Structures are given as C-alpha cells and as structure tokens.
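Structures incoming, each one as structure tokens.
Both of the next two complexes hold chain A, though its partner changes from chain B to chain C.
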Partner chain A sequence: MRNIWTIFKREIRQYFVSPIAYLVAFAVLLLLGLSFNTDLDYRVANQLRPDATLVLSNFAFLMVFFAPLLTMRLFAEEAREGTLELLMTMPTRDVDLVIGKFLGAWVYYCVLLALTLVFEGALLSITNFGPEGFPLRSRVDIGQIIAAYIGIFLYGGATIAIGLMFSAMTENQIVAAFLSMAVLLMLWVGDIAGLVPASILSTEVVEALRVISLQSHYSSSFLRGLIVLEDMYFYIAIMVVSLFVTTRLVESRRWR
Partner chain B sequence: MSFIQRVIPNFTIRRVAHTAAILGSIALLAALIVYLSESALTTPVFVLLVIGLGGLSIWLVLAPDELRDWLMGRQVYYGIGSFILTLIVIAIATVGYSLAVEQNVIIDLTETQNYTISQPSINVLENIENRLRVLSAQAESAGIESDLHFRLVGFYTREQLRDQKSAEFLLRQYVEASTAGLRLEFYDPDVNPLLARQFGYSVIFDNTQITSGPIFLALYDGDQLLTVENIGEPTERNVQNAMLRISLAGEFKVYFIQGQLEADITIESDVGYSAAALILRERGILVDTLRLQDVEAIPEDATAIVILGAQAPYSQAQVDKIADYIERGGRMLVLADPPYADSRDSTLPNRFMLEGDSFNTYLWETFGVRFRENLVADPASSARNEFILTGLRVNTGSPPLRDFQNVPMVMTLARSLDIVEQPTEKQAEYVRSIMILAATSAFGERNLQVVDLGNLSEFDPNVDDAGDQVLATAIYRVNELEQEVQPRIILIGDSDWLANLYISPEDGSDGVLGNILLWANIAEWLTGYADLAEIDVASRPDLLPLYATSKELSRIQFITLFILPSIVLLVGGVVWVVRQRI
Partner chain C sequence: MIEVQGLVKRFGDFTALNHISFKAEEGEILGFLGPNGAGKTTTMRILTGYMPPTDGQARVAGFDVFEQSLQVRQRIGYLPELVRLYPDMTVRGYVEFVAEMRGLKNRRQRAEEVLEMVGMAHRAKSLIRTLSKGMRQRVGLAQALVHNPPVLILDEPTIGLDPQQVAELRTIIQQLGRQHTIMFSTHVLTEAEQVCDRVVIINRGNIVAEGRPDELREKVQDNTRVFVRIQGRFDEKKLLNMLNTLNGVEKSEAFQGGFVVTAKNNVEIRPSLAKAILEQGLNLLELRPLAITLEDIFLEYTRQ
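Showing the complex of A and B:
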C-alpha cells in the first residue's frame, strides 16, 4: 500500500508540474464552454427545457480523445527512457506500480471533472436558484446531475484503465495514444451500432456491441438519473480487467 | 542460383513461409469479421477459412523450427500462463456482470422518481390482476379453459435500443410487482411489422427524429391477443392510466348538453369540438349528448354534464333540473363565452349567462360565483390582438390542476368570473378555488362594441372591471371526503380554448399543449378519474422552458468561456515559468 501511495504521489506531482496537463484542461474547458453556451442560447431562444447533463455528455465524448493523452506517457515514456526497468528493480510489485499510476491519472481526471461543476453552477443560477417572478424559472433535476457525475466518474476510470493498458503495450507514446483512441472510439460508437443497416451488422452483433459499449452503460442509466448495479459493475469490471492485463504486460518485460 | 532466385532476387523458403503466415492470419481475421456480420457460415467465410488455414499450414510445413522455437520460448511459456489467467479474470467478470443484471438493483435519484413505481401504481396493478382472476374463475366454472394474462409490449427499432433499455428499467418493476405473471416483451417493428400493426404501433416523429418506441398493455388468452391499450411514453403515469382505462372501461359517462345553441362535438374542423369528446373516449369515458327539454331529470348514469359554449339562456325549468342533479352529487362543467356575437354565430348576440338570468343567479346564490358581462383584454398580450390571452396564471394548488404541468396555454375572447367575498351560509358550504387568472395587465372591458369596431380597448376605471380577472374556478364541498354527496363544478369564461384548433388541429400540428392538459385535468377531476390515478406529479417545473435574461447569459458566457479557461491557463503558465527557473 505504501508503494502505491509513493507512486501515486509521484504521478500526481508530474501531472501538476507539467504544462501539458494544464493545456489539456484548458482545451477541454474551452470546448465544453463553447458547446454549453451555444446550447444555452439555443434553448433560451427556442423556449426548450434546460439540459443539465449536456456538459457531462460532451465531457464523456471528449474523454475518448483526451484520456489517451493523459495516459500515453505513463508506461510508454518510462519504457522509452529506460526508467521503467529501473523502477522494476525496486522492491515494488508490478501491480503496485500499475495501480499507483492509474490512481494518479484518475485523480487528475477527477480534478478536471470537478471544474465542470462551474457549468452546472451557472445553469443552476438561472434555473433552480434563479430570481423568482414571471416568467417562472425552469428547474433542473439535481438528483439526475448527481447520478450523471457518479457515472462519469466511473466512466473516466474505465477510459483511463484502457489507455494505461495501451501505454504498457508499446514504447511509442503516439502509437499508445492512437491505439487507445481507436479502441475507445469503437467502444463509444458501439452504443449507436444499431444505426448500421441490418445487412451489414446483424441484430445479435448490435446487441453484443451495446453490451461492451462504454457509452451505453452511461447514457441509458446514469445520464437519466439512475444508479444501476449492472452499469456500475461494468465500469469497475473494465477497470479491473484492464489493470490486470496492464500488470501482465508490465510483468512480461521480465520474461524477455 | 535457381530459376526462382533469378526472377525474385530476395526469394527464400523462410520468406514464403512468413508471407503465407501473414496472409493466412489476415484471412482468418476477415473470416471472423464476415461471420460476425452475417451470423452464418456463408461461402465467403468458408473460402476465407480455407485460405487462412492453408496459409498457416504452409508456414508450419516450410518453417517448422520457428513454431518449435516459439512454443519452447520463455515468452510463450509465461505468456500462455498469463493468457489463461486473463481469460479466467474475464470469465469471472462476465459471470459477475450476468449476476448483477439478474439482481436488477436500481436507485432512482431523479427528484420526481421518474423510474420508480409508487404504491398506488402497485395497487392499480393488483386491482386489474384481481379482476383477471375473477374472469378466469368465471371461465373455468363455465367449463372454458383460459390462460388470461397481461403483457407489457414495447416496440423499439435497432436504432432505439438505448430508449428500450431506459424503458426496461421502469417496466421491469411492474413485472416484479405482478402476482399474476405479467410479462415484458420487446419487438423490433421492422422485423415484426405484422405484430406491430396488430398493436396499432405507429412511429412518433418529432420533426424528422423518431422520439420514442411506444409501449402497449395487452390482454392475452394464451397466445391470443384480446385487447390492447396504448401506453405511449413509458412513464409511471402513462402505465397507470392504461391500466385504469382497462379496468374502468365504461364506468364513467359524460353528457354534453344540447338545445341552447351549444357547441357541436361532432364537427371535426378546426372550429369544431370533436377532439374534446375523442380525448374522453380515449380514457375509456363514454360520451353522449342530452337535451334537457326532453328529460324529466338528468340520468343517474351521468358522471358529469358539460355545457359547452351555449348561446341562448337556460329556462328556469332547465336550471331546476341542473340544480337537482347537483344536489344529487352531480358534476358540471360550464364554458361560457362573453355576451358578444362571436365567430360561431355572428348573427345572434350571445344571451347565455347574462347578469341576472336564472342560471347565473342560481350559480351566485348557491355557490357564490357568477359570470360577468365583460370581455377580458390584455394590452400586454404577446399574441396578435389583446383579446387573445397569453401569459395566463395557472394555480396548480387548485385540485383539478394538481397534475397540470406549467406549459403555455391560450384563451381567446374570454369573460371573467365574479367571486363572492363575504359568502352567505349556503355559499360557505362550498370551496371556490381559482384555477386560472389572466395576466396582471389584463382588465374586463365592459364596452363590448369595441370588438365589432375593431378598436383597441382602453381601460376605463369608471366602467371596466379592474384587478385580477378570474377566468376559471372550481367549486366543491367543504370537507369533501366527509360529505355524503360530492358535487363538483368548474366554470370557465371561454369555450374557444377547447376547439379542435387548439387541442387537435387539422393540419396535424400538436395544438397548444397547455389547453390539451387543461381539458384532460378537468375531465379527470370532474369524473373522479383523477382520484383513482393517485400519482402525484403536481408540479413539474422541470418541464418549463429555460428562461434567462441577456444579462444573465452574458455573465455565464464571461465566466465559462473566459474566466474559467483563463485561470487554468494562467496556473499552467506559472508552473511552466517556475519550472524554467528551477
């Protein structure tokens, strides 16, 4: 446990002293801000109901591209620079190394996620906590927002675990990022596999793709205000399996 | 140098083996993909399999030492162990997932508990299943074998699997609460078009997007479909209403009074009122017309009577029949237009409910409410003229409107109601609950000629009615539940809002949602249907449109597009500068 804590602290420190992490946060917040304000203007102009989960839906989609950027260096860079071998000579188990790095990336992700609360606060300031009077202010469902945050917290853990696995597969950061982006994108669009004509994908395959899709376990439940055991379990299982495979991949360096 | 090596300079047996192995692997992968997409061992799959296995066989024959080295290598030795362990972990995770699905543990965090069925819903389910048991017992005693059961049937296309899963969360709870084997089934209407048509399934479009796959409650005897109720959107309220429609079919009857130039509920054009009757029938409520002149008393089976936009005054004899009916616990809805020649019959001035006529006097003396002889004008109306009333204030605290959702509604050419301030002993037996008020800028124009002249109304403090203009009021007995008879009355100073134009326009558009909901709420409260449908969705402010001033939007833009990203960038910049110095 102490080893995990030591590696975790080292990773967190590296995130917060790296300008790249701030640039990623800046880019994510700017993109979210643009989509949030465009949607807000559109809804006010067209008298539509507010959507408190839009920011989180967009955040989840952006993570398909940004999670690999957060994880690509974790093992690939260490392997390229030769520091991974050094780490492996230390009295640390491979699993401690993997979990420490994973937790470091996940905590950074959570900090980024926490910043999105500003958007929710802005929306609440003109809905639930807006000035009373006429016309009546709409309300957003705070319970739904809480569920959506729980879901995206778990979703983030799963995307980071997958990114970490690809980082351990190669010494090239770009290849690691590219591979994990491709896989995350496939797992994302699995939810809408039903849009592919039946002549190309059978219904059984569509249903199978939905079961393994990262988005389907978020959009049908958490995003609608539901905490569903099977969906929580799915993300935790993805994390466990990915971290297990990552540990085996790191361990495989000892066999060479 | 052999002939081949002269033609292909880099030719070696090993190179051929490698090429065959790569091609074979690609062919096997392609075979897998084609098999998954076609779900059958088709000719292309078979050909790809042969190529794949052939390529690998060539590799094994031409380079057997590579396979031996690979198998005996250190990496394969450990790798196989890791691979098997990984498979075991994945298998455990998969079994765990199946168990989690079976457990069906769902926590509904939505404020209005959108995905949780309440006890009243379970009671309704028990009620209809008990009726089913009685029917089954009757059939058995008559020597007829029966397998009566309900099924919840959903139609979702491949594109709507996400919506299907959300619906499933709610509907599974009914299946678990059922004591009579309620089943839940989903079908793809594109794969099962005949079944979909049998259920009357139709795709709901919102502009060009399919918005939902409808759910149906179906009664089956074995595999034979007996009756179907359309649930529509899978919400608790809709499911409960469908169950009530099945169990209460034919128990309520509403009479539309005729004989004094009332509106016709058979006319289907925009100015007709056929949609009002149709909405009642869709709830399983029987609808009929009644001429008071032709009957000695209002029939016992009348759950409610509706006086819809009468133009001629009621005689004392007619009012006596109504009074007798109300005394017996009858329910009545009166929609009275202003005493002005309106578009429906412009040749005759409206003489219904003049101040001092027998009907208006009865309402005042008994219930403390009467119709005024005015026309409500709202100079601040957002519509094209001041007699089209928008910005209506709805009191969702009033019992008939407890399920009303705050959505826009509209009334045109309306009159207001006068409500007693100091009730007499008789009037004090009743509660007068204001349902709808005109906007605060509205007043009651007493000079009814202004409409004919096309002039704008100007408020005259000496003549016109000032203050809040009450457009609709509900009347019911004090301590209603303790009373032997429970009469209910709703008075509304306009009938146009209920025309087809507003609740079911001919052009296929949706009409005015507020008007549709108002009619549904009134009908359900008057008949007592609402007392059975006990889901409390009184206030759904989440359904209101988003409103924000331009100042608020600018402030949000400034914070989210400038302040927040700038702070992050600034901190990053500081970190970078500090690192450079170190």
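Showing the complex of A and C:
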C-alpha cells in the first residue's frame, strides 16, 4: 500500500515535468476549444438547444489517441532506460508498482478532464446563469453533466489501463503507443458495427462488438445523464483485467 | 549472510550458472571475479530478487531469495552494473524516493547523511541528468546505502571511473565493509586484491577458485620462480644450458631482458644460482623471486 503511494507520487510529478504531458494538454484543449466554438456558433445561429456533453464525447474520442501518449512511457521507458532493474529490486510487489503507475496516469487524465470544465463553465455562463434574452433557447441539465463526467472518468481509467498494458509489453514507447491506439480505436468503433449490413456481419457478432465497445458504455448511458451500474462494472472490469495482465507482463520480465 | 547452494540459471539452452555455491560471512568483503559474461551479474540479479534461479538455493540474511523475496530485498542495497537513475529527478529527490520505497521515516535526514558519505552532498539539488558518470555512480551507491542494509551488492562499482574516483570508491567500500557484508564484482584484479577479504573466481558459470587472495596465491605458486638480470658478455644459449644443469633447477628461460629460473619442488636455488653466475665472470644485477599476482591466478584458473 505504502509503495503504491510512493510510486504514484513519483509518476504524477513526472507528468508535470514531462513535455509530452503538456503537449497533450495543449492539443486536447485546442481541439476541444475549436469544436466547442464551432458547435456553439452553429447552435446560436440556428436557435438550437445547447449540448453540454459534446465537449465530453469529443474528449473521449480524442483520448483514443492521446491516452496512449500518456501511458506509453510508464513501463517502456523504464525498461529501455534500465531504471526498471532497481525498481524491481525494491521491496515492492509488482502489483503495487502497476497500480501506482496506473493511478498516476489516471490522475493526470483527470487533470485533463478537469480542464474541460472551462467549456462547461463557459456554456453555463451563457445559459443557466447567463443574461436574460440570450439567443440559446434552453437551459442545460447540470445532472446530465455530472453523470457524463463520471462516465468519462471511468472510461479514462479503462483506456489508461489498456495503454499501461501495452507499455509493459514492449520496450519501445512508439510501439506501445501505436498498439494501444489501434486497440482503443477498434474498441471504440465497435459501437458502430451495427451500421455494417447483416449480410456481412451476423447480428451476434455485431452485438458482441457492441458489448465490448468502449464507446457504447458511455454514449447511451452516462452522456444521457444515466448512471448505469452495468456500464460502471464494464469499465471497472476492463481496468481490473488490464492491470492483472500488466502485472503478469511485468513479472514475466523476471523470467526472461 | 549470503549463502548460495547449487545455484543454476539457464536462459533457454544457455547455462549462465552451473551449480555454483559460495558463502559470505557477516562483515566480509567478498570479491566476485570473472571475465565478462562469466555469470557475475546473473548471480547478483538472483541474489537481489530481480530474477529467480532455475534451480538451487540462495539465502540472504537467512531468507530465501525466491520464497521470501521482499524480506531479502529489504535487507539488500544494490548497485547495478549500469547505474540507471531517473534523469529528471534531483539527487536528493531520488535518494529520498528510494528511502520512501524502503519504508524509511526520516528520509530527508538519511538522504543527507548518505550523500555526505559518498561525497555528493554539494550536488544534492542538481538534476541527475547533469551529473557525470562518476557522480551517478556515487548517487547509485548512496541509494544502495540509504536504508543501512546489512548486505550490499555492488556490480562492477568502479567500471568507467577515472583513477582518482576509483581510489575514492575503494576507500568508501573498505570503510563500509566494517558494518556491512559486501559482495562486489569486478574484473580488475588489483582491486579485488586490495579490497577483498575473500575472492570467488567464476568462469563460464562455474566457480573455479575461492579463498583469501594470499591463499589463492599459494595454491598457484607450486614452484618458485626467480628472476635474474645479468650484466656482461655472455652467450644466451650457453648460459641457459648452464643454468639448467644447476642442482634444483627445473627450467630457465629468457624473460624481459633477464632470465626466469624455475626451481623444482620449492628448492631454494638463489644461493647456488648467484654463485654459478659469478663463477662465469658475470655481474649479477638483480635476483628476486617473481611475485605471483592475482592476475596470474586468474589467468591460471580461467584458461581454456
């Protein structure tokens, strides 16, 4: 337990001195800002209802590409640099090492997620708390926003855990990043497998793809303001399984 | 403190360690000698709990390195061969991080103490990436010492250092040897000779010799060799013939501007040798026993 905290502290500190973490934060904010602005413009011009979760669904999609950049170094860099050897001779269980690193990355993810509150704040300041007579037609549902954040928080844990697993699989950070991007993208697009004609994919396969899709477990529940236990369990299960595999991968280094 | 019994490590078809056994007593400095690829690092990695052995047993401070790995790791300070530290951390930050991993309470104070001990206190606030190799080595030693472990395992601690740094590090190791059991590997023989109480020589995964440096020297020194330097006009062949016929001489050969004469069964040949040379009307410039160094022992044992 104690060592999880020690590792966690080191990792989180590492994010704040690493240029990649800042670049990711910069890119995410920039892209979200652009899409937020365009969307708001469009809705104001067309007298549409504001969409408070658009930023979050975009954030979730961006994380398919950016979460691997946050996790790629966690084990791959240590293995390549050789710092893992000393770490693995400390009186620490391998699972503590994995959990500490996972929590460090997840918390940094949450920092990024917290940055998106800027957009929610901007939206609320012109809707719910905005001046009378502003052209946006209706108020946004704060409960829905809270549920959406819970969902994206859990989704992030799952993507980070998957990224961590690939980081433990190779000593090459680039390979780790691309493998996790590929897998995350496949898991993400599983949701739209339903668009494939039934003559190509049987309904059972489509259903299976949807069940393991990372997107379907937030898009139809959390983003609509629903907290569905089943979907929470799904993300928790992804985390547990990935962290278990990661621990085994780290342990397997000892046997090579 | 360290007990190794029939340790085997295989990597696929390659046998890195082939049933090695040795011991290190409390407070002893054990030198682990061998050419590159002999199995030194593998042995140390097994002892530090980094990798499990294929077969055999190793105990450190009474704990089995595989079954009770965490207890063993808590009692070992380890300096790996390539000291890899986190470049983005400060020296003190890193030592404190290790202290925290080791579960120490007074981390700041302990970090300052060990940095003082290895002479790095003045760079405590520097980033590790800015340090030279020798300095990193010292920080590596500092992190190995931070929890005051009963056993220190140092893998080639002096490699890549300049002569002065090497001398300083050796002094540190010797001082530490009073309170810690130290096992350190090297392929620099003079180092082992100067620093170690006992030496284990390993070659191709087998222990080929073990003992105090002077014991090992005696073992190899089965016949005394004498070095002679002569002044005057002489025919080398004739002189060698003459020397060979002397009582008690096994053989003689030209060597570095003089001759090396080997005696049979440790017979003292120096008086008769001197007399014979003077009788030839030649001047005797030098007559001394050839000292056997650990180098000779090492070559003797690791030949093939």
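The working rule: the second predicted complex is superposed on the first by the 251 of 256 C-alpha atoms of A that agree within 3 Å, B and C clash if a C-alpha of one lies under 4 Å from a C-alpha of the other, contacts with A are read in each partner's own complex, and residues count from 1 in each chain.
Just so it is clear, a residue touches a chain if its C-beta (ideal position, glycine included) is under 8 Å from a C-beta of that chain, and two chains touch if they have at least 3 such contacts.
No experiment lies behind these values; they were computed from the predicted model shown.
Following the superposition defined at the top, how do chain B and chain C come out on chain A, clash or fit?
These partners fit in the superposed model.
Touching A:E204 in the superposition: chain B (first), chain C (second), both, neither?
It touches chain B, and chain C stays clear.
Going by the contact rule set out at the top, does A:R2 touch chain B (first), chain C (second), both, or neither?
Second partner only, chain C.
Between chain B (first) and chain C (second), which, if any, makes contact with A:F129: first, second, both or neither?
Touch status of A:F129: no partner.
Of the partners chain B and chain C, which touch A:V118 in the superposed model: first, second, both, neither?
The first partner, chain B, only.
After the superposition on A, what does A:T92 contact: first (chain B), second (chain C), both or neither?
second
Of the two partner chains, chain B (first) and chain C (second), which one does A:Y233 touch, if any: first, second, both, or neither?
first
In the overlay of the two complexes, what angle sits at the CA centre of chain A between those of chain B and chain C, given in steps of 10 degrees?
170
Have a look at where A:G33 lands relative to chain B and chain C in the superposition and call it first, second, both or neither.
A:G33 contacts chain B only, not chain C.
After lining up the shared chain so the two structures overlap, which partner does A:L23 touch, if you call chain B first and chain C second: first, second, both or neither?
After superposition on chain A, A:L23 lies in contact with chain B alone.
For chain A, which side has the bigger count of touched residues, chain B or chain C?
Looking at chain A, the partner in contact with more of its residues is B.
Rounded to the nearest angstrom, what is the minimum C-alpha distance from chain B to chain C in the superposition?
Minimum over all C-alpha pairs of chain B and chain C: 6 Å.
Under the contact rule defined above, give the chain A residues that sit at the interface with chain B and also at the interface with chain C.
On chain A, the overlap between the chain B and chain C contacts is residues 17-18, 255-256.
Taking the touch rule as given, give the residues of chain C at its contact with chain A in the complex, in rising order.
So the residues of chain C touching chain A come out as 11, 45, 48-52, 70-71, 73-74, 76, 78, 80, 82, 84-86, 88-89, 97-98, 100-103, 143.
Note which residues of chain A are touching chain B in the complex, please.
Touch list, chain A to chain B: 16-19, 21-23, 25-26, 29-30, 32-34, 36-37, 40-41, 43-44, 47-50, 115, 118-119, 122, 125-127, 130, 134-144, 146-147, 191-192, 194-195, 198, 200-207, 210, 216, 219-221, 224-230, 232-234, 237, 240-241, 244-245, 248, 251-252, 255-256.
Which bits of chain B are touching chain A when the two form their complex?
Against chain A, chain B makes touches at 36-39, 74-75, 77-79, 82, 85-86, 89-90, 93, 96-97, 100-101, 103-112, 114-115, 157-162, 165-166, 169, 188, 190-191, 391, 406, 541-548, 552-553, 556-557, 559-561, 564-565, 568-569, 571-573, 575-576, 579.
Spell out the part of chain A that touches chain C in their complex, as residue ranges.
2-3, 6-7, 10, 14, 17-18, 81-83, 85-86, 88-93, 254-256
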